[in-house]
Structure formats: C-alpha cells, structure tokens
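Next up: the structures, one after another.
First chain A sits with chain B, and in the next complex the same chain sits with chain C.
So, the complex of A and B:
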C-alpha cells in the first residue's frame, strides 16, 4: 500500500482528529508554507514593488559575490559562534547555582532573568541606546568619573561585540528557565547514590546532571542558533547596521533589501541562503548530539 | 454520539474560520460598490490648526475634517483618511503596494514618492489633475516633481533647513557675543569656526555648540548643507551624475575636525536624528540643523518645564567658504495618486484639489510651519507676523534650492551609501578620501544595475 493510501485510510479512520487540526494546518499552509514557496520562486526573479522578471541564479550569484554579504555572513557566524555556546553554558551554570535555592528565591531569579524576554525588544534596545549614548549615556558618565573622554560605543570596529552583550540579555532568560525546570526534574536518588559512591560536586555535575540534560541542551542549541541567526531589532535600533555596514547581519540585509531597496528577489534569495545555513547547522548539531536525544 | 459531536465541532470551527474571513471581504466589497471609495494615507505633520482647536486635537484630525468636508459636497465619494506612523509606515506602504492593495492617495516626502513612482506604483498626473491646479504650482516645485519628463506628484509644501540657534541657552551659558552676522544673514566658514570656539569656551561640561547625526541616512540634508558650503556640487542639474568629489572630501574632513575639536558633539557616526533632537530639547546643544518645527519643540520643552531658560530661537543659514551664502535645502512633501481605476483617479484628483484650495491649504501649510508650493497660497504671505518664519522666508528667497537628487530612482540607496561613507570617516575606519572613493564606487554600482 502506498504512503498516500496509508495516510488517506488513517484520515478516514480518525476524521475528527484531522478535522480538529485542519484550521492549524490551513493557517500553516497559508502563512508559512505558501510564503516559503513564494520566497523560493522570488529568489529567481528580479522583483520590485509592482513587477517581476525571471533572472535564474543571478540573485544568488550577485549575493555570493557581494563583499557586504560576506561581512554580514561573517557577523552572523560570529554571533552564533560566540553567543550560542555562551548563552547555553552560562544559563547552565547559573541554573546549577539557583537550583538548590528555596522556591521563593528561585521564583525571584527566574522572574529577574526572564524579564528581558517578556519586555518588548524595542523597549530594551531603547534603554541600551541610552546607556551607550556618547553624549548623555550612562556608560560614558561612569567612565567619565575615571577621566575617560566620551566614547562612541556604537561607532567603532568593536561595536559588534557590544551588540552581542545586548543580545545576550535578551536570550538568557529562556535557557535558564528550561535548565532550572530540567534540573529540578532529575530524581534526587541519583544524586544520593552518587554521593554515597563518593562523588564530589563537580563529578556529580558533569557525570549526572549534564548528561541527563542532553535533550534540553540539544533543544537549546537548536532554538538559540535559530534565534541568534534572526537577530535584527537590536541591530536596527542600536546601530542601523553601522558604522559603515560593519554590524550588518544577514537578516538585517534581508530587511534592507526588501523594505528599503524594494529588491524582493534579492531579499528572498538571501532568505533561502539563510534557510540552507540554518538547516545545515541544525542537522550538524543533531548529528553531534547523537541518537540518544529524545523528547 | 461523542464522535459525531466531535466531527460536527471540527467542521464548524473550520467553516467559521474560512467564513469569517470571506464575510469581511464581501461586506467591504458590497459597501464599496455603492460609492467610489478612496483611501488616503498621510504621515503626522499637522497636529493643531489655529482657530480649529475644538476639532483638530491631534495628528490625523485635520485630514479627517477635510475628508468629511469633501464628502458633504461629494456624497458619491467615500474618503477614508488614515494616519500612518513614521515608524514602520513606509514599510506598510511598500507591503500594500507589493500586495496589490495600496491606498489611492499618499501624501509624503518627495524622496519616497518619486521612488514609488519610478517603480510603476503611482500614476503620471499630467492628464489627471486639472490645468488650474497645474498652473498654480510654483515652477521651482514643478521641476522638482518631474520624473522622466512627467509630473509624478502634486507638491504641497516644503521645509527649508537652516541652523536654529537657541539664544536663550547661549545667554544662560554666559555667551555675550554676536550670533554670526545676525538672523538670516550669510557668513563664512572661518566666522563659524570662531563662533563655535567662543561658544565651546562657555559651554558646560557635556554640552556642545552643535550636533549632527550620521547614524542613519535620516537627516542627510544637514550634511549636504555643509558639503555645499565647502564647494561640493554632487549632482548635475539632472540629478543623475556624481560630479565634484573633492568638495565632498573637504566636507567630511571639515566636519570631522569640528568633532575632534569638541565643537560638534562626539559620536556623529552613530547618532541619529532623534538623539540630536533630544540634545536640543534638553539644552545639551545650542544649535541644530532645523526649521520652525525644531523651534516649536524647544518652546514646548520650556513650557513643559524641561528647560528653565528664556525662549529665544532664531535661524541663520549654513556657512559657506566665501561667506556669500550657498544653496537652500528644500524638502518637499506632496500627493501621489496610486489608483489604477479611472473613476478612483478622478475622485482622488478631485479630493486633492479640494484640499489645496487656499482656505484649507493656507491652514495646513502654516500649521506644518513649512513653505507653500502653490502660488495662490504663497501670495497670502502666511508668515508676515512670525519673526522666525519671516527670517526663514527671506532665506528661502535669497538662496537657490540645492539639488540633492530626491527624484533619482536610486535616491534611497545613494543616501544610505553616503551615510556609510560618513560613518567610516567619523569612526576613524577610513580617511575621507578613501571613504569618498568607496562611496563613488558604490554609487556607480547602484546606477550600473
């Protein structure tokens, strides 16, 4: 029996279940799958606001030869390489420190670290904008006490690394919550047994807690990678891609190409390149994590 | 039984979802079939209109009032006027055009309307608007609105950028000297430097004589003024050819030297227009590249108790090497018609013409604090009783309008390339010469496509 026939037979058998998921499936088809396919097609076209013509691979060739795209690609990869492990490991270590606390303190820290996730990205970026402002910013006021002249924090080659600090504050809350929940779910008997066998704190962490958190860690690596790849608000509001395009990322360039330059074909092609990179990295992570990851 | 109810519920949910979406669209269509419906999108410019305080209380009220007045005499037309936010509004227009559902009329800045027209989203107006209205448009504005030999929009008014000087703040700092050659009078770059040095001497720590923003392309008209002052003429009359680049190198070099000396606030390469306005409103800078609007925000800051100084703002032109005065930066805002249907085009043109009658347009122009594009409104001498705008009117009359390529189809890309060149200079990543060479290469690439 073919796969379609099997599916059809299952659908007839479980009509109610399939009808219940139908609205979600329709919305998915309309707002996710259709735009994805449309974007794939647009990537082969030179399209502006009102017209489109077929250009084959020209958009892809142009993008891959464009030095600005190279900068954006490097910046995006730097974000992923530095930020994802930092966020995941830092949240793991902080969760380890918070897990033994009383539930009241845990609630307090959970709320404190999760707050930036709940508050609008625009709001937080505006606060950072004020902190980094070269004339009336908090950071320059502080360094001014030590006789340092005003610094344009968002205006030199190292600006990208300051942006990473800001993105870190956005992304830290979710992994922390997930790790705390996962750590609290590890049966106490395992720790007791390890302690009876003479295992120290460090050994318990690396031999029991860390391996048991592997599914959470894999999940966090994948979701953080996708989230960091899509960093946009912070760059848009804090540097607008500057100075001199030096902090642009791929998603920022997609936004500029689409909504500033009205080059929808080029923007779509860049979106497809990003999709391929993310899928490739996710598969690589899955490969590295092995088959013993389950949900 | 349970199974039957489940199936029924699921079917109802799916039908309700699809049905509600369809019903919304159909209701809209049925209503539209009775009249000619036109949608008018505009941005926040007019907040209050003298004498109309009870009707016009916030942005968008004035345009709604005009639409209501128009519909009284044109019951066969329904005008839906919709205020768009500056933040995200342009994206919304682009999405609406790309989605095939744009408004029939947009009132916006020439730098954007010409781009929409060049892409084929707006209609040439030569045969849509009346001969009477065409004849009423000042020639200088008409030429700015010609794209490819056709009139792409109806200019409404324009801002003119000068240097607003807060004399009240200077006095509170203890500055007792003259303000250059006086309000509205041209002066040289050397005089300007001397003035900045003297103001810097009395400015409190953390305050500066002036600030300029290059963190984005917004506010580029201020850089142009300095470039022109240094002798740069970046575009030929047709607005399509990059010409005098040494002047641009000199302009960047000079601005950077002003920042390095502490005359201009630091961080030019990262600051945006809002940062500069915030500094102006909080008394951190004594001058701003602006117009009556900047003077008004200062007045409001004082009225709100944010600044405790006397309100005393005037305006001077930007400096030039020879001190004889250069170009005026004019930023026009106007109407474009995007409707494809002939009946909607006619209704749109009629509504635009209705709004531009002197009795309404004079109020709109003066409420916006800008300069009219129509001869009939200019003849009313709107600013004869306003000291600030009287000075600025003289400046507009004295200096020719400079060309900063607003109707170039690649205007958006070029100005972003220019901002990037400035950022490279001000952040020390490139020398002015290298940055300008990079800018030129980028412009050639943009135009070559």
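So, the complex of A and C:
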C-alpha cells in the first residue's frame, strides 16, 4: 500500500474524531483564523465597509510617523512597565501574608480582591467616574481634608496614573488567587526542614517559596502583559482618550480608527503592530525565564 | 480574642507586631477594592439629588427606590438584562457542547493531523482579540448578523479556550475506561455521552461559568456589533446612559451599575469555587 492509502485508511478509521472536532474547527476558521488573515491583508489597504484599495505599506509608514501613535505606544508601555511588575509582586507578597490566616479571613480577602475581577468593568468604571468627578466626586472631598485644592482627576497630566489605579484593581485578583493556590501546594516538609536548619522567615521566602513559584510567576508575567496591553474599558469610559489624546493606548486607537473614523486599513495595520509587539514580548519573556518553565 | 492566624502563636512579640502591621496594610488595600461597591450601593439607594452634594455624606441618610423606578421606566434595563442573559447563555451552552466534543477528540483520539491542527488553535489563542474585530465586523454586516444575537455570541464560542481546557481535563481520563466501553459495543457518540461527559461535570461547570461571565462582562465587541437600544446588553446600555444625557444622573447610573453587577455578584457568592477555577484559567479583562 502506498503512503497515501495508509494515511487514508487511518483517517477513515478515525472518522468519528473528525466529526467531533468539526464544529470547533469550522467556527475557528470562520470567526478567528479568517479574520486574522483578513486583518493582515487589510493592513495593506485603504478600506471601509464597502470598498478596499491596495496601498502597500502606506498605512504602516503613516502610523509609525504619527505623533498620536507615539503617544499611544509610550502610554501602553508605561501601563505595562508600571502595572505588570506591581500587580505580580504585590500579589505575591499579599498571598504570602494571607497564607497563615484562618480560612474565614482568607475567604474575606479572596472575595474582596476578586470582586472587581468578576463584576463587569463597565459597572466599576461608572463608579470611579463618579468618585473622580471634579465637582461631585468623593476623591476631591477626601483630598480637601488635607488642604488640597479640587483636582480634575480625569483631565490633567497625571490622569494616566489614576487610570492605572483602577486597572490595578481589575488585574490584581487573578494573580493573587493563583499565588495563594501555589503556596498551598508547597509541601510542608520543605518548610520544616528549613526551620530545623535555622532559616529565618525572610530566608524561607526568598530561598524556598519564591524559587518554587517561578513557573507561576512566569505564567503571570506573560498573561498580565497581554491583559494590560488590552486595557480599554477604563480608558473608553473614564477619559475617552483625553485630555487631548494624552491617555490613548494602542488598543484604544485601533478601536477609534476603526469604529469612529472608519479607517479599517490603518486600524488593521495598527492591530498587526500590536500583535508583533505582544508575540515579541511573550517570546522574550520565555527566553529570559529559561526552559524549565512551561505553560 | 479574634483569631486571625493559625500559626505564629509562639513567635516573638516583634514578629507578631510586624505581622499585624503588614496585615493591617493589606486590609486597607482590600478596602480600595470593595469601597467602590459600597459607594455604588449608597448612590443607588439615596435620592439622586444627594449625589450632587458637596461634601457628600459618607453614610446614607435617606433611603429610596426612586433611582430603580427611574431605571426600569425611563430606560430599557429589563430588556438589556434579557439580551445579556440570552447572549451569555447561548455562548455558555454552545461552548459546552462544541468545546467538550472537540476537547475529547484532541485528548483521546489519535488521528492524522491532530498535532498541527491543535498547534494552530493554541497559537491563535495567544493573539490579541482586538486584531480580529474589524474583519469580523465587516463579515457580520455582510451576512446580516449585525445587531443580532448570533452576531454577538458566535465569535465568543469560536474562541478555542474552552476546547483547550476540556482537552486538558479529559487527558486525565484513563484509556482503560474507553477500551471497556468499546468492548461492550458502545458506539463513539454513546461512549462520549455516557462515559466521558458524566466524568467531566466539574469541567463542564467551570468552562460554562467562565464563558458565561466573560460574555456577560464583554463590552468592546458588544458595543461594535449592536446598534439599536433594543439589542443593547447591560454593559452597552448602561454605559450609554452617561453619553445620552448632558448632565450625568449619578443616582440613576449607580442604580444601573447595581443592577448590572447584581446577577454576576450573587452568582459569584454561590459558585465561588467554579468562578475562581475558571477565571484563573483564562481571564483577561478587556
């Protein structure tokens, strides 16, 4: 029998398997893979809902020379640089502190830190919109106690960092829970052995717990980076990119270019730039973390 | 005395104090996370004129349901709730059906092409979803799915995360069970329905809740794919309350936010275990 015939007979033998994966694969081809390829093509076109014209690299050149995009790129990087390490390291230290608590207190903290993950970002953004309001907002009353004059929280140079505070509350719960579970999984004997050898609490944390949690830490760095890159709801609802485009991120500009200005080509090209950055960062983190972690 | 910790009964006084101080700081941090919800409830149940008070009362002084009456009479909040429920429910049920079938084949069947197909699915999953939105939008317009339920939930179902999680779970099922079923003469689908699925109930619940919550809380795609107020979901509808009125009615807005987060919040308290398991496996908040 030829190789083709062997393959064919094996495929026929497993025809049930193909039926099982058929719905998933069809949906995937239609609603994930095709859009992905089409987006790549659109990046080289000037397109709207009804027409498309080939323009080569014009979209990419225009984007890379646009100061608005530079701002978005810097803002996105600031989000990643400030938020990802803060979220990961703080969740680690909080998880360490929560580990010895009784289960009732653990339940309280878990629920408290997790609630903003579960509830729609839109609803929470609405509440912050009110808290940040320059006239009726609570925050200005609070800082007023300390003699600070009312601040337009969503309309000055520091606005980006206040957005980060809100995003922080969205992103903190998941790493915390993952670390809490991972710490619970470390065998008690390791700690006992360390204690017998006279290791202090600090030594135990740095020499035992932290190295053992390296796979979790790597996983969290990768997923948090992707998550922070995709920050959008908060910006859309709290500042809408303002004041004067100063809080726009890449994802925000993709949305605006596509669904506000109807520049599908430009938005798709920007999407491809985003994709390249994310893939590059993921691979870089993987290289840095070495071969001993997998996810 | 209040017992906070199981350990540390013997530690030194200095250790106890530093532990207590740090724990107190963690407690303060947790308040930053919960406080907005308190403020939301306070704003929702007090007269909306009081939302404009400067300085605001920290504790509620007068309770009323006026904001909710306004929410249900002046906006289509009930309709939005129904829409959200239909879309999230469809995404959840379809993913359980389709994803479990696919996950089973990838976990337990050896068929030519398995590895490359799976590799493509897995790689695509790591890419940012925003990249696909424009072609999806064009496509939905072309095939009449714009502003419809299927247009809202189909891209959610197509995301292969569910399949991936099912595969991972089903790899743990011993092959001997499948062989036994085959020897007993059970067909492929009978094996899947009567042997595999009953063993996966916790995975079904986890993935189902994950997809329900993710779809329920989705905002960007729903904002893009819906147009009429009739088809809006809770997120889209309530976020538009701020955009349509010149002066924002924070009382109404807080009632909307309360209504919009109540269902998932309550479900979280009841099914905490599945929520935590599901969302830690694959949540990325847009």
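The rule is short, and it goes like this: the second predicted complex is superposed on the first by the 270 of 295 C-alpha atoms of A that agree within 3 Å, B and C clash if a C-alpha of one lies under 4 Å from a C-alpha of the other, contacts with A are read in each partner's own complex, and residues count from 1 in each chain.
Operating definition for what follows: a residue touches a chain if its C-beta (ideal position, glycine included) is under 8 Å from a C-beta of that chain, and two chains touch if they have at least 3 such contacts.
Model, not experiment: these values are computed from the prediction.
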item: Simultaneous placement of chain C and chain B on chain A, clash or fit; value: clash
item: Touched partner set for A:112, first chain B, second chain C, both or neither; value: second
item: First, second, both or neither for A:243, with chain B first and chain C second; value: first
item: First, second, both or neither for A:254, with chain B first and chain C second; value: second
item: First (chain B), second (chain C), both or neither touched by A:51; value: first
item: In the superposition, chain B vs chain C on chain A residues touched; value: C
item: Which of chain B and chain C A:157 touches, first, second, both or neither; value: first
item: Partner chain(s) touched by A:20 [first = chain B, second = chain C, both, neither]; value: both
item: Touching partner for A:262 - first (chain B), second (chain C), both, neither; value: first
item: Partner chain in contact with A:227 - chain B first, chain C second, else both or neither; value: second
item: Touching partner for A:136 - first (chain B), second (chain C), both, neither; value: both
item: Chain C clash site on chain B (candidates 55-63, 73-81, 145-153 or 271-279); value: 271-279
item: Residues of chain A at both interfaces, chain B in one complex, chain C in the other; value: 16, 20, 23, 49, 133, 135-136, 258-259, 264
item: For the chain A and chain C complex, residues of the former touching the latter; value: 7, 10-11, 14, 16-18, 20-21, 23-25, 27-28, 30-36, 38-39, 42, 49, 94, 97-98, 100-102, 105, 108-131, 133, 135-136, 138, 141, 144, 169-172, 174, 177-178, 181, 201, 223, 226-227, 229-233, 236-237, 251, 254-255, 258-259, 264, 267-268, 271-272, 274-275, 278-279, 282
item: Chain A partner contacts - residues on chain B that touch it in the complex; value: 3, 6-7, 9-11, 13-14, 17-18, 90-91, 94, 97-98, 115-116, 119-121, 206, 208, 211, 215-216, 265-267, 269-272, 275, 278-279, 282, 284, 412-413, 416, 419-421, 423-424, 426-430, 435
item: Complex contacts: residues of chain C adjacent to chain A; value: 3-8, 15, 19, 22-23, 26, 29-30, 32-34, 36-37, 39-40, 43, 51-56, 97-99, 101-102, 104-106, 109-112, 114, 117, 120-121, 124, 126-139, 141, 154-155, 157-160, 163, 188-189, 192, 213, 216-217, 219-220, 224, 234-235, 238-239, 242, 248, 250, 253-254, 256-257, 260-261, 264-265, 268-269, 272, 275-276, 279-280, 283-286
item: Contact footprint of chain B on chain A as seen in their complex; value: 15-16, 19-20, 22-23, 26, 48-51, 133-136, 149-150, 152-157, 159, 239-240, 242-246, 256, 258-262, 264
